[in-house]
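Shared between the two complexes below is subunit A, which has subunit B as its partner in the first and subunit C in the second.
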Partner chain A sequence: MENTASDTLTLDELERWLVDRVGEYVPDLDAPVDPQQELGEYGLDSVAVVAFAADVEDWLGIQVEPTAVWDHPTVARLAAYLLAEREQQRAATA
Partner chain B sequence: MSDVHARMEALEERLGDPFDAAGGAGFAAVLTADEREEVPVGGASALDEFGILSEFVPGALGGRLERVDHLIELMRSVYRRDPSLGLGHCSSSLLGAVNVWTAGSPDQRRDTAELLLAGHKVSCAFHELAHGNDIGSVEFAATPAEGRLVLSGRKESITNLDRADAMVFLARTDPDGGPRSCSQLLVPTADLDPDRVRFLPRFRSVGMRGVRLGGIAVDSFPVAADALLGAPGTGLETANRAFQLTRIAMPAMSTAMLDTGLRVTLHHMRARRLYGRDAASIPMVRTTLANTFADLLLCEAFGAVAARSLHALPESGSAYAPAVKYLLAGVTLDAFEQLSLVMGSEFYRRDGQHGVFQKMARDIKPVGFGHIARAACLSAVLPQLPVLARRSWRDAAPAPAALFVPDAELPPLDLPGLRVTAGGKDGLVMALNAALDDDVPAALRPLIERQIRGVRALTEACAGLKPRDLSIAATVEVRDLAARYTTALAAAACVGVWRHAPGDDFLARPEWLVAALTRLEGITAGQPVDVPDDVEGALVDELLSRDDRTVSFGISARQYR
Partner chain C sequence: MSTSELAAEVDLWSRPGGPFDPALLAAHDEAETFPAQACAALDQWGLPDHYVPGRHGGRLERLDEVHGLLRAVAARDLTVAVAHGKTFLGTASVWAAGDSAAAASLARHVLAGEPVAWGLTEPDRGSDLLSGEVTAVRDGSGWRLSGRKWPVNNATRGRFVCVLARTDPGGGPRGFSVFLVDKDATPRGTVRHLPKVPTHGIRSADISGVEFRDARVPAHALIGTVGGGLELVLKSLQLTRVACVALSLGAGDHALEIGRDFLAERRLHGRRLADLPHARAVAGRAVARQLLAEAVSFTAARAAHEVPEELSTVSAITKALVPTLVQGQLRLVGELLGARSFLTGVDGYGGFAKIERDHQVVGIFDGSTWVNRSALATSLPALRPGRRPRPGTGRPVREWLRADHEPAALDLSRLGVMPRRDSVLGALGELVAALTAEPPGGADRLAARLLDAHGDLGTRIAALRPAAGLPATATMRLAERYEWCFAGAAALAVWAANPQAHDRPAWREGLWLRGALALALEGLGTRPPEANAVFDELGRLLLSDDGARVSLFGTPVEVSA
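On to the complex of A and B.
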């Protein structure tokens, strides 16, 4: 895993990173994580989400509350939210 | 009302001398009431006259709650006499109310404040026997229908359910599950429809016998949608944030039970002669007394610092609150065990001059599992460790001095501002470093250095944790890292309290800190260590002197009635 996301990160790349990362939290998956499926169904419980959100923060370089993962509970929804949030937080600090 | 210290004195005065056999809130009355599974009537009315529930209402809503550390210290006057009164008559209402202060609408906050200011109780109905600490699995449902919410299900083992004027429910609003599937509701008792709501028979318990542990069964009872506290789906989030206050405050209030346990043991030992000498001078007895005194001080120091951190470092409450609950509960439970060995056969008596000891030893038990289990606290801390290690434990930004100084100015309490996680922010643990800059007494230096090395080792270990290590299924070994973090925090709190204590104060002397840090090392190692010989005398002398002067054994050394 690279340490930080590139400035030109696309939605696709973000989704792929999230799919991989969720896979590390939930080992022994039969198939890659489905971006449309609820993360809770993979066993990513509210406890693990705390650490997961911090990883996303480090990689994206923005603030991510675990509640964001609760509010956007699939990889696809989370990716869309995070990309928009990243732009917004960057614009705010620019 | 008046300043908190005046209120503390007024409350002590009202409750009277606990050793006075005729006192309405004295141990004799407390024991008699306990045998009837009640609280002493005299104590309850003294608390009502004092307006105790106003202490749980924020100042902005007309109450007297300004600072969590003050609330804790004030409530110790109640818990040291009768914990059933403390929980059943007082702090159980805080459990429900903090959720209202955190997420309620202005109307809900005002209504709840009015209730409490008038002396009425609020119940917090979260627990269901089938689910224990797994509160995200509650089955009690609030189902939307025609613009209303229809309640159905059971709640069990809830304090004051049958005599509260309002209740806060945790209910399932989304059958699919997940962290957004539960919501909280505030329901006035007067609205309950007797045809659809049935109170269940009271639960009977081993300790806290005067606390009314009730249940409720609700069958398709509709409430207005504005009964929701906050947005639908935010029930677990609100609990996580609001309960940071109670998971610090309630164990910290409970240390007053240990004060009483220690006081009674001391009285018994001082009055007893064995083998031609005072029992209090037998080395084993002295060591247990000194150990317990050190334990009490370290618990109260950690509790006070964490309480102030809710004001000064509110971003860290999600890490500090479970740490306090875990550590304080463990230490007080173990200390009672040791004291009961010293009490000997006198521990086994339900009557007589020292009968209150066995009551305290029973009443302390729920501190280990009530509200949240110690094990669940570690589960809450664990997933935060890697990011805390990455972001906070390597550099030593000084902790705000106000954390350690009683009555130093603090920012106002902002419950809605508390966070679900600390985001890796911990301004306390590295306060350990700051102490080494000073002229540290020789006896302290190695202890503090070992703590700092411990944090360094913890940082390494936590940086290596894999995501899969952090879940609820974490191994005992990994969970132990979370436990080690709790003792490191407590050590930092003690060191800070020592450094900032006024020069003439017992807390400014090194002996208690040597004792506290030694005890904490024993806890970390899983192998109790006695306070060192060369500080034992100073601790026992202080204990005896405080007993003679009738002041508390904790950090405030406050004049007791």
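On to the complex of A and C.
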């Protein structure tokens, strides 16, 4: 895994990265993570979400509240949210 | 002022015939009847004012003051402190949700002495908040609640109950909301009390439950947002967990007082028990546990003001460690007392068994030791070394732990669910270096070992594999090591922040600090060779004239001007 996401990150890339990350958290999964499936069903609920959010923060280089995962509870929705959030946070600090 | 005033009052009330007369409270305990006289005295004195933020007309400004107050009550009777202090817990969510008409209205009721209960737990659901089955469904502009909250402190006495209820049938972290139920305003027959539960300790408290049967509550009963309940509760718990440990400190004060009297009075084989080296070392170890517990609690209370963003971990550490430290302290005092720890009718000593029974609940409610440790364990990856460090915005820890520092105003909107830094443990390197420059009585050697242990912990945290679900046993162990490292760092920070106290009896030659560090190192699995000598010294301190009040800053901690 690369340490930080590239500046030109696309929604697709972000989704793929999230799918891989969720897969790491649930190593005994027999099928790839479904971007439309609720993350809670993968055990990424209130408990594991802090570490997950920390990973996302580190990779995207922006601040991400764990509650974002609650509000955008599938990979697809989270990716869309994060991409927008990243653009916004970068614009704010630029 | 208010802390020492209350402590003095409680002492007066503890005389024969007073509302805190130990005989009266023992009788309530025996009969399992509510200590109404003691709670009324506290109401009259104005303790409820300290549960209400200043903005709403109360006097809640500082958590270190809340600690001082609850500790003073708990030092005389833990059951009363649990029964009365519960209102602080019950209201926390309402204050944390921000200003609202509900907050203003609740403030008026609390100031008038109405108890407030906090209903999170449900029968058979235990600590798992997401499994809650009390539901709230919309009903016109309001809501209808159904289900049971049990066991709940003050569920029957409290006119208000703050409950977490499922508002989305599917549940999940956004499926719950908080409601403040005014039982008096619900339609007749829709709220039923569940009978008082007989308990091992705090027997006279109102430990009961409440059942909602399609109980209609108005729209303004909703606290915060629909779906925001879990987040709100997780944030409120950070405050209440920090406040709760004052109960442990008070129980510890009470036990040390009894232990000290016994050591001085008891004669064995022609000499005082106090002259038995082993007895002294056991007493000293008990003192060290109490002072370390105090250092951690004080740090947590100040952290709530200065670094609320970090309180999710600080509160978990504090609630896991402090009741454990004090429970161990009580066990040591119990060993010293021998038969008197077991015989309930012995004048002067009979109260000990009650303290020990009462205190057990502190490590169970408001999140058990394990629940808190597990919360910390799941946060560890967010604290791993080498994470892009967030620049600290506030003052350094050695500044805000100074006894006479005026803490920043409580800002509950800064509470979060993910820690991004740990200002206390993060300062360990600096604190150890500062100590080496001016080593008090060999504390620097102990501190250097703590620094090594912390380095090793960092390596292990960095190697943690992410995982969904509850933490593995190995991760729980790491969390426990984290707690001990944090406790040691807190002790060092309190030391560094308070040079004005360095010539006080417990502080001279770094005495309490050495005891605290020795305990932390023991917790980390090493046996510092100097431990026994330190505990012997602390035992002597307890028996000296300065031992009447074992506390870092003098009991009660004096905070407000």
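Just so we're on the same page, the second predicted complex is superposed on the first by the 94 of 94 C-alpha atoms of A that agree within 3 Å, B and C clash if a C-alpha of one lies under 4 Å from a C-alpha of the other, contacts with A are read in each partner's own complex, and residues count from 1 in each chain.
The rule is simple: a residue touches a chain if its C-beta (ideal position, glycine included) is under 8 Å from a C-beta of that chain, and two chains touch if they have at least 3 such contacts.
Because the structure is a prediction, the values reported are computed rather than measured.
Enquirer: Go through the superposed model and pick first if A:71 touches only subunit B, second if only subunit C, both, or neither.
Expert: both
Enquirer: Does the superposition put A:42 against subunit B (first), subunit C (second), both, or neither?
Expert: Second partner only.
Enquirer: Please write out, lowest number first, the residues of subunit A touched by both subunit B and subunit C across the two complexes.
Expert: In subunit A, residues 24-27, 38, 40, 43, 45-55, 57-58, 65-67, 70-71, 73 are touched by subunit B and also by subunit C.
Enquirer: Where on subunit A does subunit C make contact in their complex?
Expert: 21, 24-27, 38, 40, 42-55, 57-58, 61, 65-67, 70-71, 73
Enquirer: Once bound in the complex, which stretches of subunit B touch subunit A?
Expert: Residue positions touching the partner: 136, 176-180, 236-237, 379-380, 382-384, 386-387, 390, 419-421, 423-424, 466-468, 470-472.
Enquirer: Which of the residues in subunit A come into contact with subunit B in the complex?
Expert: Subunit A reaches subunit B through residues 24-27, 38, 40, 43, 45-55, 57-58, 63, 65-67, 70-71, 73.
Enquirer: So in the complex, which bits of subunit C are touching subunit A?
Expert: For subunit C paired with subunit A, touching residues are 129-130, 172-174, 230-231, 234, 374, 378-382, 384, 387-388, 416-418, 465-470.
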